[in-house]
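Both of the next two complexes hold subunit A, though its partner changes from subunit B to subunit C.
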Partner chain A sequence: MTLEEKVFAAFKDAFDLEDGIDRASLVYREFPEWNSIGHMTLVAALETQFDAMLEANEILAMSSFDKAVEIMAKYDEH
Partner chain B sequence: MNTDLSGRVALVTGASRGIGFAIARRLLEAGATVVLNARQIDASIVDQLAGPAPDRVFVQAGDMSDPEDARQLVRAVFARHKRLDALINNAGIMRAAMIGMISDEDMRATLDLNLAGPIHLIQAAARLMARSGGSIVNVASVVGMEGAAGQLVYAASKAGVIGATRAAAKELAPKGVRVNAVAPGYIETDMTARLGDEVKAQSLKAIGLGRAGTPEDVADAVLFLCSDMSRYITGQVLRVDGGMVI
Partner chain C sequence: MIDPTCADLLPERTGASDHPLLWDDDDASWLTGREVRDLALAFAAALERPGKQLVFVLATNHRSTLIGVLAAAAAGHAVALIDPTLSGEKLAGLLDRYRPEIVLGAGSAHACAGEDWDRATGGGPLPAMASRRAAVGAGSLAPELGLLLLTSGTTGSSKFVRLSWRAVAANARQIAASLSLTPDSVAIAHLPFHYSYGLSVVTSHLAAGGRIAVMDDAITSPDFWAKVRAGGGTHFPGVPFHYSVLARLGFDVVPPSVDTFTQAGGHLDGRIQAAVRARADEREARFFVMYGQTEAAPRIACLPSERLREKLGSVGMAMPGGRLAIVDPEGAPLPAGETGRVVYEGPNVMLGYAEHRADLALGDVTGGRLETGDLGRLDAEGFLFLSGRAARFAKIAGLRLSLDDMERELASLGTVACVDLGERIALAFEGEVPPTARDQAKALARACKIPPASFVLRALPELARKSSGKIDYARLKGALDV
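Presenting the complex of A and B:
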């Protein structure tokens, strides 16, 4: 899996998404399920997917799908 | 159902002596892998504790009044064990002072360790614990429930811990993480030894069961709250005070 696919797998898991969804629509507080509770679900899914523990500043900075990919790059071993 | 904790990982702060040390020993006896923290702690404690199970004892020094040390402690647990089933926020200090004599430094040190410390650890540990479900036990104090003259800041810090316990219990219940507190009364440790004989005599008179508590008295209550025996209990404060009236 590429980095982007791994991040998307976590998003799918957290928000129950279809494969074809427009990834640009995945924005914190704009995408309906991505509220503050959904945010913690997403972080947990990303941590499981990447077997990592995120820092508080990374959690706060994760405002869109693209931003999540950028942040998770650091934890991508493959 | 019993108190077997085999295969589970527990983290105890302030575990080099007193109540924290007794908690670590109980959890170890119950089969858990235990990570012990304090500011000054080294591998020699493994010899004192481990007996037949040195492979289940780990030591990680750190100052829990420093948010970065608190996060680093949880990161170390994650790196080594990949899971955390029980977090015991035990590290704490008590600096008695009458209201007019509370220094800014005493206030800061007490709130940073006793109140902000557990909050930082809960924040860092919650998601890791949610992976397997788990139990958080905060060591509060009867003084945080009742107040005591000369202990304004300490009482405020422990009352704060009780509030944090109840809030975290609500937020983490859907994740299968239970959060409770114990509120010890007068327990014989270095902390109370410093209070002197007069305070001790007075405290003893106030204890219904007629004796001071031991660290093991508290550790047994913590073991109960960490184990599946308490699987349906969350958001509670369990007094371990021998029926003390303050």
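Presenting the complex of A and C:
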């Protein structure tokens, strides 16, 4: 899987998404399920997907799908 | 007659003070106590009517919400605080059922769009307003009625808790005393205004003459802690979800100005409590675990910070001027150490419930006595230890969710029973899980603002029932084997 696919897999898990969803619509506090509770669900899904432990500043900076891809790049070993 | 104390919510010494009182993250400047009072009393004059009226406040986390509430109280009206993110359909249902004469808040123009309403835009610290052009003869309000809060705001319940302003103000003073709040205390008012805990954070700081920094932002946002710093916040209130986030982020994100942490809104895991205690000790901050219900305006008990280690697992002692008792199912008092039903008596207990406009004419039906629906025991010193719920509510991330409401929402799927699993809810079906159940559960989770994974769908050959034919939830939970 590419980095972007791995990140999307975690989003799918966290928010129960369809494959065809517009990824640009995945924005914190704009996408309906992505509230503060959903945010922590997403962080847990990303940590499971990447077998990683995110830093506080990374958790707080993760405000969109693109931002998540950017942050997770450093944890992507393949 | 306009009441300059805003029904005792704004004490004279707070309202006459030139010290900063109210800030929000939209404007980021302070209004003094005197400015808040002047704004509230001027707005009260615009709200004044010949009789007592019902004011719906679509309560965004903005300082105009507090000005609106104070103004309505000063004008002698009753206020219902409504979640501003409620769906248009649910809000229309409440408007139809309770027939408010006035609606305040940014959403009022949209919610009251017809020709029956006059609309005025708000601005700065004043809320937008819609008011009915002609009296609808909706029915009179009890003189003592002050505040209405939904029993379970997020499941779209239409049942209100009826509170007097006297009870709200009494509880504000009880909380201020329990937490030793001072004029130097600065509330980080990030919890929703329409949520009883969030409102009590605001009212208790008004009572203490402290400050209130209103924030329309979430603890998981990149700017949250910078805003806390900008507002000089000293008191961080949180439900269990917020403390599990803090435990995950680490307390280094919390600015040094924060010297008081409070927790309410459900049971916080003992390990997280101990961890918060340790981090609070390191920064010489206080940490209070509290217990309450909207029906008690809302605070019932508070565990003093210095007793937390010794009384770990307790939710504390009764509010000053209140009394806790444990009774058996027949109402007979039980001795210390025995588990039974938790009953609270105090000046902050509700008048009763309301399900229709006509109920708003009712007076006090509780006599200051609240059967909480919780089970627990008191130790010899009067510290309360909760052990479970007799009532049909689940708590997810501090949101109080009515399981009976959820069953009604899902009724089109056939027989379904909602069972609290602690941070998750089982949807138990008789026979098999209907094909559309997953989608409906997802839609309900979205409406309740909880993660879709909160619902666990299960099928059982049959759902356990009592001889009356009603679902036996205790046996059903056992059968789910979770």
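Here are a few things to note about the model shown:
Rule of thumb we're sticking to: the second predicted complex is superposed on the first by the 78 of 78 C-alpha atoms of A that agree within 3 Å, B and C clash if a C-alpha of one lies under 4 Å from a C-alpha of the other, contacts with A are read in each partner's own complex, and residues count from 1 in each chain.
One rule holds for everything that comes next: a contact is a pair of C-beta atoms (placed from the backbone, for glycine too) under 8 Å apart; a residue touches a chain by one contact, two chains touch by 3 or more.
None of these values were measured; they are calculated from a predicted model.
Greater residue coverage of subunit A by touch, when subunit B is weighed against subunit C, goes to C. When the shared chain is aligned, no partner comes close enough to touch A:A24: not subunit B, not subunit C. Once the two complexes are overlaid on the shared chain, A:A56 sits against subunit B and subunit C alike.
Look at A:T48: by the touch rule set out above, it reaches subunit B but stays clear of subunit C. Shared contact residues of subunit A, touching subunit B in one structure and subunit C in the other: 40, 43, 56. Residue ranges of subunit A in contact with subunit C, taken from their complex: 14-16, 28-29, 32-33, 35-41, 43, 56, 59-61, 63. Residue ranges on subunit A touching subunit B, taken from their complex, read 40, 43-44, 47-48, 51, 53, 55-56.
Residues 218-222, 224, 241, 244-245, 248-250, 252-253, 396-397, 442, 445-446, 449-453 of subunit C touch subunit A in their complex. Subunit B meets subunit A in the complex at residues 71, 74-75, 78, 82, 123-124, 127-128, 130-131.
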